[in-house]
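Read through the structures below before going on.
Each of the two complexes below includes subunit A, the first together with subunit B, the second together with subunit C.
Then we have the complex of A and B:
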């Protein structure tokens, strides 16, 4: 039984997958290409992928000059970081209690979590906006972060993960003298990294790229998150300078792409949830 | 005052009774095996004792102190779990150190960073490290202290779990089938080691197992639990030779005891040629006759004994298990013979089956053991 290195079936499968990947990646590739084109290149009638004159440096310089890129990126990091931190701090104890402790309201809480999963931010946007306005908290990190600190999705995800944790481990911890909070800090959290990293992708990607909510509560450049800043840039400065716009877009997508590539292995581990053994 | 005393523990889950009033006393330094088929409530009993679960009613006393209001963390009871339940993110050394750190360091001293700056903690930590090393040396796992559970074999993990439980000198030691995840060779070896460690530490130990051989070979006293009832609590020899209940007789012993249906009439039990006089009064009707396979003898000539037929032979090296069936009643009878006794036997051949009445036990219709008057004898001729 010998088979060639690339049997026919495998080539077909590989080609299909590559084609799919190419279709998904095409807009991004085209964005990279546009970021390197001059204005005249962009508006020619022929569609070329390789820029005729390499104009990357000029476009990036223009993006940095016209857009407060560092403020935008810094805001993005602060907002995503705070949201992620609070989400984890709230969701881990909550999910632990629901997964492993017996209490009367557990069933009711489960129903509420499920309901929470069904209500999108768009439904509650208006009341939240009014509330922040009354508290004079518009244009602040608080208004950007607060609505997302309790993530039912995080609770749901950690719940599934904690349910699979062996009860004996918690029993052993209790016999060793740990309180419930001690168990969370010393046993649950150190073993929940796969789930936390998996959740980190969902949370950070969603909030880094979110335009909807910042658009509602922020009207000043100083608190703009990257997508919102780009929108300002397009509306006010760039007009039809797509080269610089694409360069700016490339810059704000780079941190996520880089982070994903660097931590790819851990992310995949996290998603497949095969962290706990023995 | 006994070291451990359970009084009428009852527990039910959603209408299913798991424990029907279990009472048990352990003396200081005693090794007690709690044995029973799976689902008999023995693990539930252990969890209630550890404080991980609550009994519906009943009391637990440790050294005369009522344990019901005491939380699991404060009972000073150590437990070895079937799955070992080692912390996967800590090394073996750190695992063993956890109970000591929780006991000796204060809450603030346990905090990361800040804790290491507080006064007094350094001496405590050195003390903990020393105790961990001593315990590791005792269990011969010193070379494993820097490994995480994922990098250890089952036997090594089991030792680390033992070390973690023993290191803080508990007042009671609980083990929940600690050997059931080991392979057969290692298990027999580990049995001896646990008994040896127990003798050295002298802490009363409650050892839960479903393996009757493990229970008989290790324990000072064996408690047989079936269906939520503690049926017998006695030394291993008594459990085997003098079972108080038919379920105990059935559960203990390999191969299983032969149970034959017989009739009680006017205080006597009769089966074929066997006549036994009962000491206790029993209503006329069906009773069970039990006889251990090692007492059953076979007569290949068929000239003596009850007429039967060999169905199957199992050669086990030092012994031969012979499965027979009685012609008259259709009861199956197992005989355990030495190889030389079984030399002439082949499957399918007719055989005479001798059931010596002096080794027979009688169990009443509810399974309770009925005592036999001494001097009961098999009537000489019955073929």
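Then we have the complex of A and C:
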């Protein structure tokens, strides 16, 4: 927007952006640096970024020894994977029926979806907790996954996407004698791939990061998701051994950050597509 | 008569097909409807119901107490403190992260080669585990071994006990909140900025909007209207829902100085197991979300005619 013939403005802009970027990156820099420091290093020289004694291996070993990292990461993958699978399997047929079939309840469904968009897990957690407790389902994958199998957000997003799909495609498939389920599996889903990946990123980021619900229904380490596991670790270490703590933090943050760096464009698309629901 | 009978007769085949299509639609939507009832509508109804009872987990019996829970809320110092803290946190995090997000988006939009790099960097916190990054922030904010206070002492400024003192804890949490959401807002604003037709800027230039600031107020700001409205609502909603950092770093302390709405609900409902009372708090929380959404629709309604 500033005219290109004015280098001073460009320098100021670049400087401002760099300063901001440095602030944004600072926690990551300190995380990596501290994960490689010994206790005494941490206590004496917090501003030296390069550790005096490279202590990475020891800190990572400690993190792996004290926290069942593989269990945590595995739980995270299972829970996020199951949630995403059910959300898509439930939402796509529903959105298809609302968008492309003569569905008399489509209006009512739309109202339900809009209402559902308003209600976060924090609002439904109490009765769900009581119900899961009554059914002795606390500390299980079921309790971690079940409340999120329905995503009104997924329905809303796929609905927008399906509406834009040409009807001719469906007519042709019907003339070929395909059933509605066949149409969904072989015509709709392959064409809805951009929407599915965008939603996948949104869903995985949201549930990989969620602390509230796992904190409520899980009290055993065997079912802990990454955020919960990290919380246990911090509590057990009383937050003193920052080297090991930063190593654990690094391991747990890495999967999503790596995925983000590899598929940046998709990530940003996913967040904006799902973010701009208007 | 005959024409009516005829008219009633001919579309019957089409009507039949329509009926079968309607049935298929119901079947396809059935799982979603059942789950929606089970995990959204019924629980919301249950929360409203429980808010009028003295239900406690572990006790079999409960009784109706009418509006007693709500009356109690009005005088509950913890709850009032929690509402106040949530408001302060929101009043800091939402505006600052919106303004910074817009600023960064505009700067990045004009940037050439480094554009992709900056976008990645600013977006990084959105893709990072907030619980994990909160522990990093705890280290940065550490009063004695933290790098922030070490930096301040280099400049001769005695650093505060960021997360440990009741007069700074809410601001420290706000810094983390802003750090986390600037990138998200930036990406939304970037999407809005790229949608503005270039010709408008050229036209504004012809019309005498010579400075960048003039063009911003003449073109960018009005054209960004819908995006801004959306960013404002989502920022406020997200700020009202702050929980992770509080639970991880302060547990509402010290002295309830960082008690926020969701944390108080969590404590009442899942730690003290006073489900009835916590349900009443949840209803208040839901009411706040409803009001926010209604405001958004009202503003959107009025704006639609201009954009």
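As a convention for this text, the second predicted complex is superposed on the first by the 232 of 278 C-alpha atoms of A that agree within 3 Å, B and C clash if a C-alpha of one lies under 4 Å from a C-alpha of the other, contacts with A are read in each partner's own complex, and residues count from 1 in each chain.
Going forward, a contact is a pair of C-beta atoms (placed from the backbone, for glycine too) under 8 Å apart; a residue touches a chain by one contact, two chains touch by 3 or more.
Remember, it's a predicted structure, so these values are computed and weren't measured experimentally.
Of the two partner chains placed by superposition, only subunit C is touched by A:127; subunit B is not. Of the two partner chains, neither subunit B nor subunit C is touched by A:8. Of the two partner chains, subunit B is the only one touched by A:190; subunit C is not. Applying the stated contact rule after C-alpha superposition, one finds that A:171 touches subunit B and leaves subunit C untouched. After superposition on the shared chain, subunit A has more residues touched by C, the comparison being subunit B against subunit C. In the superposed model, A:43 makes contact with subunit C only, not with subunit B. Of the two partner chains, subunit C is the only one that A:211 touches; subunit B does not reach it. Overlap of the subunit B and subunit C contact sets on subunit A: residues 276-278. Interface of subunit B with subunit A (complex): residues 47, 50-52, 72-75, 77-79, 81-89, 98-99, 102-103, 149-150, 152, 157, 164.
Listing the residues of subunit A that touch subunit B in their complex gives 166, 168-169, 171-179, 182, 186-187, 190-191, 276-278.
The part of subunit C that touches subunit A in the complex is made up of residues 18, 21-22, 24-26, 28-29, 31-33, 35-36, 38-44, 46-47, 50, 57, 100, 104, 106-111, 114, 118-133, 135-140, 145-147, 150-151, 154, 179, 182-184, 187-188, 191, 201, 212, 215-216, 220, 226-227, 230, 234, 241, 243-244, 247-248, 262, 265-266, 269-270, 275, 278-279, 282, 285-286, 289-290, 293, 300. Residues 1-2, 9, 13-14, 16-17, 20-21, 23-28, 30-31, 34, 42-43, 46-47, 89-91, 93-94, 96-98, 101-106, 109, 112, 115-116, 118-120, 122-130, 133, 146-147, 149-150, 152, 155, 180-181, 184, 205, 208-209, 211-212, 215-216, 226-227, 230-231, 234, 239, 242, 245-246, 249, 252-253, 256-257, 259-261, 264, 267-268, 271-272, 275-278 of subunit A touch subunit C in their complex.
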